Amino acid sequence: MATLADLKISEVKLAAEQTGKWGMVIDQDICTGCQACVAACAMENNVTFVGEVDSGYGRSMHWIRIERFWEGEYPEVKMTPNQPMLCQQCGHATCEPVCPAFATVHSQAEQLNLQVYNRCVGTRYCANNCPYQVRSFNWRDYQRPEPLPNQFNPDVTVRRVGVMEKCTFCIQRIHKAQDKAKSEGREVVDGEFTTACAQACPANAIVFGRVDDPESLVSQLGKQSHGVKHLEELGTLPNVTYFKGG
Amino acid sequence: MIKRIFDWLKQPLGLIAVGIAVLALFSLAAYGLYTTQQPPAQPIQFPHWKHAAFGIQCLYCHPGAAKGPSAGIPSQAKCWGCHNQITKTTDPNSELRFLVKHVQEGTPIEWVPVAQVPDFVQFNHRAHVAAGKNCEDCHGDMGDKSQITIAQNPQVFNMGWCLNCHIETAGQDHEKLVKLSDCGTCHY
Amino acid sequence: MAYEKKQTEHAHADHQGHTAEHFREKHLMLDPLPRGQMNDMVMESMLEKPTWKYWAVIGILSFIVVYFLFYKWGVLIAKGQGVAGVMRPDYWGIFLVNTVFWIGISHAGTFISAILRVFRAEFRRPFTRAAELMTTFGLVQAGFSIFMHMGRVWLAYWLMPYPNQRMLWPNLHSPLTWDLLAITTYLLSSTMYLFLPLIPDVAMARDRSTGWRKTFYKTLALGFRGTEGEWTHLRNAMNIFAFAIIPVMFSVHTIVSWDFAAATRPGWSSTIFGPYFIVGALHSGMGAAVVVIAVIRATMKHMKYFIRSEHFDAIGKLMLIISMAWAYFFFNDYMVQWYGGDKWTQQLLHFHEAGPMGWMWFTMLICNIVVPWAILWNPKWRATPWLVGTVGIIINVGMWFERYIIIPISVTINRMPFTWRLYKPGIEIPMGIGTLALFILLYMIASKLIPLIPVWEVQEGQMAHELKKFGRETVVTVSELE
Amino acid sequence: MSKQFSRRDFLKLAGVGAATTAILTGCGPASRYVKREPYMQMPEYTYNGQSTYYATTCRECAAGCGLIVRTSQGRAIKTEGNANNPLNLGKTCARGQATLQGLYNPDRVTDPIKRSSRGGDSTAVMDWDASIQVVADALKNNKPEEIAFLMGMAPDHIFDLVTDLANATGMNAPMRFGALGMFEARATLSKAAENLFGQASLPFFDVGGAQVVFSFGANFLETWLSPVSYTRGFAGLREARTKLRGKFVQFESRMSSTGGKADEWIPLRPGTEALVALAIGRLAAEIRGGAMPRAFASVDPKDAATKSGIKLETLEHLAEMFANSTGALAIPGGAALGQSNGLAVAEAVLALNAFSDNLGKPGGVYLSALAPNQTEYNRPASAREMQALVQKMFDGKIKVLFVHGVNPLFELPNSLEFGGASKYVSQIISFATFPDETAREADYVFPDHHGLESWGYQRVATGSAQPVLSGAQPVVSPYYNTRATADVLITAAQLAGGKFAEALPFKDEVEFLQSKIASLMSEADGSISALDIPTFMAYFQQHGGYWKMSDGRGVPSAEDMLNRTIAADEAEFAGEGEFFFVPFVSPTLAEAGANKPWLQELADPTTTVMWNTWVEMNPETAHELGIENDDVVKIVSEAGALEAPVYVYPAIRPDTIAMPFGQGHTAYGRYATDVDKDGNIIPRGVNPADLFGQHFNEAGDLAFAGMKVKIEKTGVKKPLSRLESLMGVYGIGLGEEH
């Protein structure tokens, strides 16, 4: 029987020194706020809809939301560049240490913040502690009447009441691509697959790939000087880079 | 009021009533527990061991296991491909009569899979076959007719069992251990 | 023996005249009654046949507990946390407010009983039991509240460290895990600590009761007969516990504060939270204790003998000091956060005062600082039971508001302004009332089952106290008993 | 269609959906047991647990984007863009993503039904043989000129089929209509192209290649013409990686989500777009020097500045930007064209392009490529043409009306009185997939398959340089007892006999499709080619259509464009009232998205409102009127009145209010409607089309933005569901400032 030490739980700390594996670059200058990514994410990840009352009360389950603010007053008013906000897959996430049940853990293999739905007991501490506020909780057993469940993606667990969920960087696609590459005896090629949001984005504002591969498109873009990482000052080591635009 | 009820319950009759009630509750609970442990009814009592004894490879009927996440249940056409050659299909007492009926009526056979992992586990057959696991490692020896029926899987798939094998497989290879003990490998 | 000697001295003291009479009236410790009589008084107060009023209150409370607490909890479990008012960004709501509140309440018990015992504060003697009961019952409510909060409460056992085939353990990095450990430890140790001083009293009750009560007390008394050896063991055990439980008590609320202080939220991540929370807990705990004592004194037989103005005066002074300490920590916390200049924290502080819930912030200050300071400085008012009791209630309202401001109001403001939203409680309110009802209900039942006054402790105190006359002065002397 | 399709023999895996929802906690094994039906005949290319991908075409709007649908075990799981399709290059919009929620919508029409009374709930389920007989009888027993088809803008193959039928039999030519076409003012664009370029066509604006883009009301990042393609163009405009970041200026009275992306947003007075465009042209011509083009000569920039409410300096600065740019592009569209002077606006703006000399050049204006099997541009009916149809119905000249792919009772303004006219039509047969308002008023509903269950093709009208014919094929077997309308018509025509049978001599829909694409088989320069039609059809399905490999866009002739006068009159506004009324199409819902729950739950890009209709109002105006967020106001136009909650919107002119189109359904399924406390079905939100009067521009498009309205307070509050925070975004409820 393996023991606690074998599982190297203390390695969570090491994440601070690592650069991450998967990352994203989002160009806010060309993001039109069209919501295609939001819809694509919901369709890919079996994200439920919650109805008018709950969505108006901050209970919508969007894994990715598009934020916009206003600058100035009429007539010199401007809409700030649309800001798609999703889980930043922090290298040193604030959500991870606070979960008492290890439902929110760091994937050492993929360098992602995992949410293990079946382990979640619903303390909601992770969501409280997430500075990006990108976690959504299943406040109710939201019903999707027949035959809507036909559309469920079999690769993604359907969450039930009382568990936390969030963007996974489409980990099911990562696994699928890796499995395919492995079965063909090769490495995953940059651009071979992408997340649902990046795939749908009509403006190509979202680019996804390996940040630890200096040759990948996402690394190349990430090096550009106007890239910003949100709330980096908190030491979260986010893996999503934003181009503020303008 | 309450006192009267208690007094009544202290009588022999009352005690018997209490006893019966407790027994009934207990047996109901036991029965409930029992039903959850029962193997499901299958449309055909399919003998895996017979097929294995004929030397049919697992992958012949379940080819998905080598190619993708799901091993798959063979289609009727596949069953019928062999069985329409076998005269036994006319025997009215043979289990095969059910197959004949389904084929003739064109209705699907509603199998109840028994080797199931919970929904929150994303299991991939291909990776396990590629890692050199044999079917019987998880599904038991299909050739042994006492061990395997279509109504039961000898191995209960639980996480400890999965994890044990994963850690054993990884051995001293740290990178492999990280991958194989990562929550995100199976849960997403 | 010591008791007889005391008796003769007491008789002698009878001739001291008016001054001694005056002392006796004021101080329980100087107003000894025969031991048997005192025991009978306690027994009588416990065994007094409940009036219809008692049953009516029990009935109402039971209804509230069954309907508001358990039925609504069933609804909550069946339908999910959506029936409560929580949402993004207020993932934590009144359930956690109540948890912190009840843990706070439970602190007074240990404070009064353990700290005052360690420091030999004699006025504590008649009400240590009442305070200890508050600790245990308060923790029960806290436990209920935290379980109500959980999204999948049926899996709560996963938070317990136990060997399992999944090779999964609770996360020791999480303040919630520490919380769980601390609260469990506190609950166990405070229950033990409640039980130890109870032994001589249930032994006394055993000797004076018949029927099922006799069996009940016999079981609880563990065969205590009152021999010197037993007393020595008991005293030793109590001393150990009294000293040991103090760090536990401090750690519990410090750890509770770490739930917040260890988070990255603006307004939460504050280093002063540990002591601030402890003082806050004592503030509400003393308030609650004084309410309980005032109610006991007003409703139960013979209690006016045991609980006198002097006790309210003493607790009142404590409350005043704690209120000042709380004000200091509040100011300290506010000052440092404000001075830090972080824009989100600035926004939050502004929101506290000027936001839609600003009234609550000001009410909190009035309840926690203005009211106690205005009333408790006056010795006469301080000695008025109903007034001090009212102040206790007001302080508790204030302290509940303080927790409400720290949790659902503070989490409204985070670093993502796009998500800011104001919390509107739902099912939490009735369920919170349910926990309060359960607390009162447990107390009412306990008052009929166990002696609320630790008689032996009072008698012990009375033995130690003596009035002596030096010249024209009558002086109180206290002798060491142990 | 049945023959080819039956080969696939999909079987639903009963209970898999239930199983996925059933257990997260897991009790005993018995609770986990589900039945699984294996394939009876496993398709040879299928493995259990592995997805099959089919190429098809999106039917959520008429743009014709190619889709790849991931299917697993006979269920459609996810739509993705077809990376090969030149129109969308693997991308989709939100509506394309949500199309699966239409396919698996719980409120679809499941069987052919006969309604005992129009608008009533009591229906009788029919079988398909009887249904087809009804259609055949309707064709046979009426005079051809008494039969009319009203169709949506997609799909094209049924339109072609009905056109063939009409041509052969003398039936009324099928009319196509869609609210999107109305709000895009397609007729005006095409008329302007005809006037200026001599050829009716949808102009194509190469946003991606431009350096400066001036958009006059065109909401090309939302729903306009071909949003996915235009969004890609916009990304090209901005792409700093490859070239200089292009500038974008939007002229509109209410900031759309397109306008939100603009570097400069110019809130001009509604109706002065033509004036402003010409003034910019004149100022730009002055900057460049040389002879003043006649088109700009008559306009006075000062006057234009006063009338439009834009500062003269701003105009001059914009003109400078336009004149000095090497690639300046001007786009007319949306509400700017839906006014009484819409045609003049379109002409004025196109004239700017002529001035910029970008016609037929990268970053300029082209004539959209005609699709491979298309000979001339075929625009949908304008509102005036629809009015003519309604008039015919009123006059009793139409005995049978077939409705397919359009919901006129919702999409047409109330004032056109389609509902009233339909009472004079003795038989209305709807082919609706969803129980929409028109289907409720139909005598029969013979449901067509959902787009993902259908064969067909859609011609790409604009958005791609290459001529594209997007092909559709069923990706799953029909979920309900529905039948392809093409099949129904073909069978019915054969039953009707005579000319009808001769017009459609096909076995089924697929044979008809083959006949329509057969001519492409051997054409040069095609993306696919084959020697026989089955192979060609297979390639067509596999690749999701057929397209030419070369640029097929037309080059407009610039001759005389600047040498003509363009009327610079201001638009006329109908109705009394102090507010201009600007309706716009909801970017997330568009005309037919309201029945898809996830589209309802998408936050509107500008207001982040979900699940409802709102009225946008300038904060200053709201303050003056004493109106706050969520106050319900009554909007009164000359044609009607509506009540909707206010969204205090910082980027709208104080004299303008705006409202999204897309909600306000009285039927159309549970997500498009709402229930009140008593469980009665009530509309979700309101339909601003109810306010439109019968005013048209010169091209026949509805002057939907040419209205003035009054506002009355009601004293009622209806909280809008917003994704955003009123506190965080607007500072409302945060308390007084220090």
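The chains carry the letters A, B, C and D, assigned in the order they are written, with residues numbered from 1 in each.
FYI, contacts are C-beta pairs under 8 Å (C-beta built on N, C-alpha and C of every residue); 3 or more make two chains touch, one makes a residue touch a chain.
Note that the structure is a prediction, hence the values are computed from the model and not measured.
Two chain pairs, A-D and A-B, are compared here, and A-D has more C-beta pairs in contact (counted per touch definition above).
Relative to the whole-protein C-alpha centroid, the nearest chain centroid is that of A. Centre-to-centre spacing of chain A and chain D amounts to 31 Å, using the average Cα coordinate of each chain. In whole angstrom, the spacing between the mean C-alpha positions of chain A and chain B is 35.
Taking each chain's centre as the mean of its C-alpha atoms, chain A lies 45 Å from chain C. Chain centres here are Cα means. That of chain C falls 67 Å from that of chain D.
Counting partners per residue, chain C has 152, 155, 167, 416-419, 421 as the residues that reach two or more other chains. Residue positions of chain B with contacts to 2 or more other chains are 118-120, 163.
Contacts with at least two other chains are made by residues 1-2, 7, 57, 65, 67, 69, 102, 117-119, 157-158, 163 of chain A.
Viewed as a network of touching protein chains, the structure reduces to a complete graph with every chain in contact with every other.
Residue ranges of chain D in contact with chain C, taken from their complex: 25, 723-725, 727-729, 733-736, 738.
Here chain C touches chain A in the complex through residues 79-83, 86-92, 149-153, 155-156, 158-159, 167-171, 173-177, 180, 259, 262-265, 411, 414-419, 421, 424, going by the rule given at the top. Touching chain A in their complex are the following residues of chain B: 118-120, 122, 124, 126-127, 130, 163-164, 167, 177-179, 181-185, 187-188.
Across the complex, chain D meets chain A through its residues 12, 16-18, 20-21, 24-25, 49, 72-73, 75-81, 88, 90-98, 100-101, 103-106, 221-222, 227-228, 231-232, 234-235, 238-240, 245, 255, 257-261, 265, 267, 479, 587-588, 597-603, 605-606, 608, 610-612, 618-620, 650-654, 674, 684, 719-724, 729-730. By the touch criterion given at the top, residues 1-2, 6-8, 102, 105, 107-110, 112, 114, 116-119, 155-158, 168, 171-172, 175, 179, 182-183 of chain A touch chain B in their complex.
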